[in-house]
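First the structure, then my questions, so here it is.
Order of writing sets the chain letters: A, B, C and D. Residues in each chain are counted from 1.
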Amino acid sequence: MLEGLKIEVYKANQELAKNGLVTLRWGNISARDERTGYIVIKPRRIAFTQIKPDDLIVCDMEGKILEGSHTPSSDLFTHLEIYKAFPQVGSVAHTHSKWATVFAQAGESIPNLGTTHADYFKYDIPVTRTMRPEEIAKDYEKNTGRIIADAFTLKDPMTTPAILVKNHGPFVWGRDIADAVDNAVALEYVAEMAFYTLRLNTDADMNKYLIEKHVQRKQGGKNEQ
Amino acid sequence: MLEGLKIEVYKANQELAKNGLVTLRWGNISARDERTGYIVIKPRRIAFTQIKPDDLIVCDMEGKILEGSHTPSSDLFTHLEIYKAFPQVGSVAHTHSKWATVFAQAGESIPNLGTTHADYFKYDIPVTRTMRPEEIAKDYEKNTGRIIADAFTLKDPMTTPAILVKNHGPFVWGRDIADAVDNAVALEYVAEMAFYTLRLNTDADMNKYLIEKHVQRKQGGKNEQ
Amino acid sequence: MLEGLKIEVYKANQELAKNGLVTLRWGNISARDERTGYIVIKPRRIAFTQIKPDDLIVCDMEGKILEGSHTPSSDLFTHLEIYKAFPQVGSVAHTHSKWATVFAQAGESIPNLGTTHADYFKYDIPVTRTMRPEEIAKDYEKNTGRIIADAFTLKDPMTTPAILVKNHGPFVWGRDIADAVDNAVALEYVAEMAFYTLRLNTDADMNKYLIEKHVQRKQGGKNEQ
Amino acid sequence: MLEGLKIEVYKANQELAKNGLVTLRWGNISARDERTGYIVIKPRRIAFTQIKPDDLIVCDMEGKILEGSHTPSSDLFTHLEIYKAFPQVGSVAHTHSKWATVFAQAGESIPNLGTTHADYFKYDIPVTRTMRPEEIAKDYEKNTGRIIADAFTLKDPMTTPAILVKNHGPFVWGRDIADAVDNAVALEYVAEMAFYTLRLNTDADMNKYLIEKHVQRKQGGKNEQ
């Protein structure tokens, strides 16, 4: 079932590892099949570099497993909430990539300070609110997805396709798998540059006309130069 | 003798090198055979990448060499003290990995600031007290192991399987070799993230309910996602 | 047309990637053919590692495409302004390399603090002024090239062959392609070292007699040791 | 002439590159033949990764070339002064490795803050005084060697086999080539750790009894574990 999508998700796992975004088994990527609405996701307990297409799991939007002999990633229900809240999303990636996680641990959003950021994310990358004890005790992964969705009630999630879950790490999405992987790579890069830019100049800020220009150029191309 | 365990220790040496935790000849890993209680450890004076399974040394818990033509790692007696103090430990790794060593040199513990830390270590990673001149002059390596054990008299060493030896570097352990290697990789990663998290927000702290949740998830799986 | 130059530009793209100066599709390099004055430039929307010599575009100094089936890099008109303003330039490279971009985002020039800098750049690396809304709205890429040229009205652009475009990233040039690539590699290296040097000693400065000596040694050799 | 030594110097060049200590063509390594007292050194203008054993140059202690068709490294006369001043030295390496150069640019010595430092260098790594205009104008490379030698008039250069030339970079030496390469690798590593240790704890310092212990262990072994 969905063999083509499985191969794409499989390759995206390799891509995340190759770009230095995953260490040990921290992270997972999923994709939504446009026709059926089913989700293909990475299994738990298998190292990123050892996953094969057949190890991938197919489930429906309620998390019911339709195919696959492994347990799905423990973050599955966070992915599902993101797909439910943002219908345009075709793929979700979660990593513990270093710099994005540093901002998540600090509870600080990643400010837009340059055209690299603006080419991928119109606004600052937001950070979720502190989770409440009862949200952690029960349906933890589902509630993580809900507070992600809540953070985007006032703006289009596709203009800034990433968020930092406080004390945890980034969740990133895209129209499709390639888009989600690109956004995850770009997020880590702009997080590191934002950290050092503010160390060099605490008053650094971004030219708002440049943001508009680069967001508009993005619509025409695909963040390419 | 213990040929299977030797191959595992041999591979773990490669694994530490591959994960960027060892430079030149700094570091060593050992494992305890459950049945005999014997220890397999890396020899001294052989580069990490050049060790072969047959170069490994087998000794008893008093450090008496039972097999092997090389001198054992000079830190052997530190390893032995850790095995004696913590019966659940099946493997010990010592590295001079950069960020963990930075905290050791600063005499600062590594604070738990996120789920990456909580997935592997329940508490902050402690740092040992300053060694006294007489502890350094005689039985230096053995005394290093003793002050490591002392630091865990009040808590379970398996919930936080790592420590920083002040002005020296980290010692890490695990139920088995794979576990010790994973913990060494995770330690280095959370050390670096903790450093930068505190630079970004000096008041950063961790949600204690998240710690409980992730420690509990860990029991079910194996720090996997 | 210009097959030899295409192969050189193709190889330079690989070289920039190999030296860690490009991530995803951020960056582009071009060269000017001495005889015809034509420009060979990287196409848009093709990953750095996937470009083949035949994908490269040949255009004239007004940007008219003479050969090539792809769209040229969106920064083409910035390159053209640099070639127009600086007749000695044979190649232009644009990257979002991390440390040079950090200085660009901070709006800070990169100070000359050592012989590594002086071997390649006589002066501090300048940063362009803030672009005005009307310069961004219309002919954005051309105007970017113009404010680069403006920044060098008082000095020889070949003694300090690089500039930081504020909130964007570095543009680097050279007598030929190999020179431009070397300068891009050196720029990133000295940017990182300058950042940390000033963290270690806020009063750090450079011996002006050493600058003269190394600039003069450079004329004889080719920044080599 | 000295074919065996040429192959060793050739391999050491690869080793420096493999350990990330050289970028572009910045750096050079030489060795002294014990019997003849002749020096084998890297040629100028050839990339580190492209040098072949036959490209190496043999010269005497006055810099007279005895064999080789290339120009020797421009730093040759600095190497010669080090050999003249320190008779125990069998090999000299010069790099622009990042962290050692950062300390050199800041004009700050690298403090001994841990056993990794003590295993290779007993004291802090010193930094040379500012060079005077006349020392730069004439015999610049020779004078660089002289101020290096001056910095060790009060102590044994073999206990701390490295120095930082202010605003330039590190020079490192050893009993033989392998020793010089090891010391260059260790220097870069302890420089980086010292930088971050002081950021984490400005009062960090080293237990002097640990220094004695590790310096003494070093005599027995070869900085091995």
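Note that a contact is a pair of C-beta atoms (placed from the backbone, for glycine too) under 8 Å apart; a residue touches a chain by one contact, two chains touch by 3 or more.
Since we're looking at a predicted model, the values are computed, not measured.
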item	value
Any chain that touches chain D and chain B	none
Residue-number overlap at the chain A/chain B interface, same or different (half cut)	different
Most distant chain from chain B, judged by the mean position of its C-alpha atoms	C
Mean-CA-position distance for chain C and chain B (Å)	46
Separation of mean Cα positions, chain C and chain A [Å, integer]	32
Residues of chain D whose C-beta touches two or more other chains	199
Touching chain combinations (by label order)	A-B, A-C, B-D, C-D
Chain A - residues contacting chain B, complex	23-28, 44-46, 73-75, 94, 96, 98-99, 101-108, 130-131, 133, 136-137, 140, 166-169, 195, 199
For the chain A and chain C complex, residues of the former touching the latter	113-116, 119, 182, 185-186, 189, 192-194, 196-197, 199-201, 204, 206-207, 209-210, 212-213, 217, 221-225
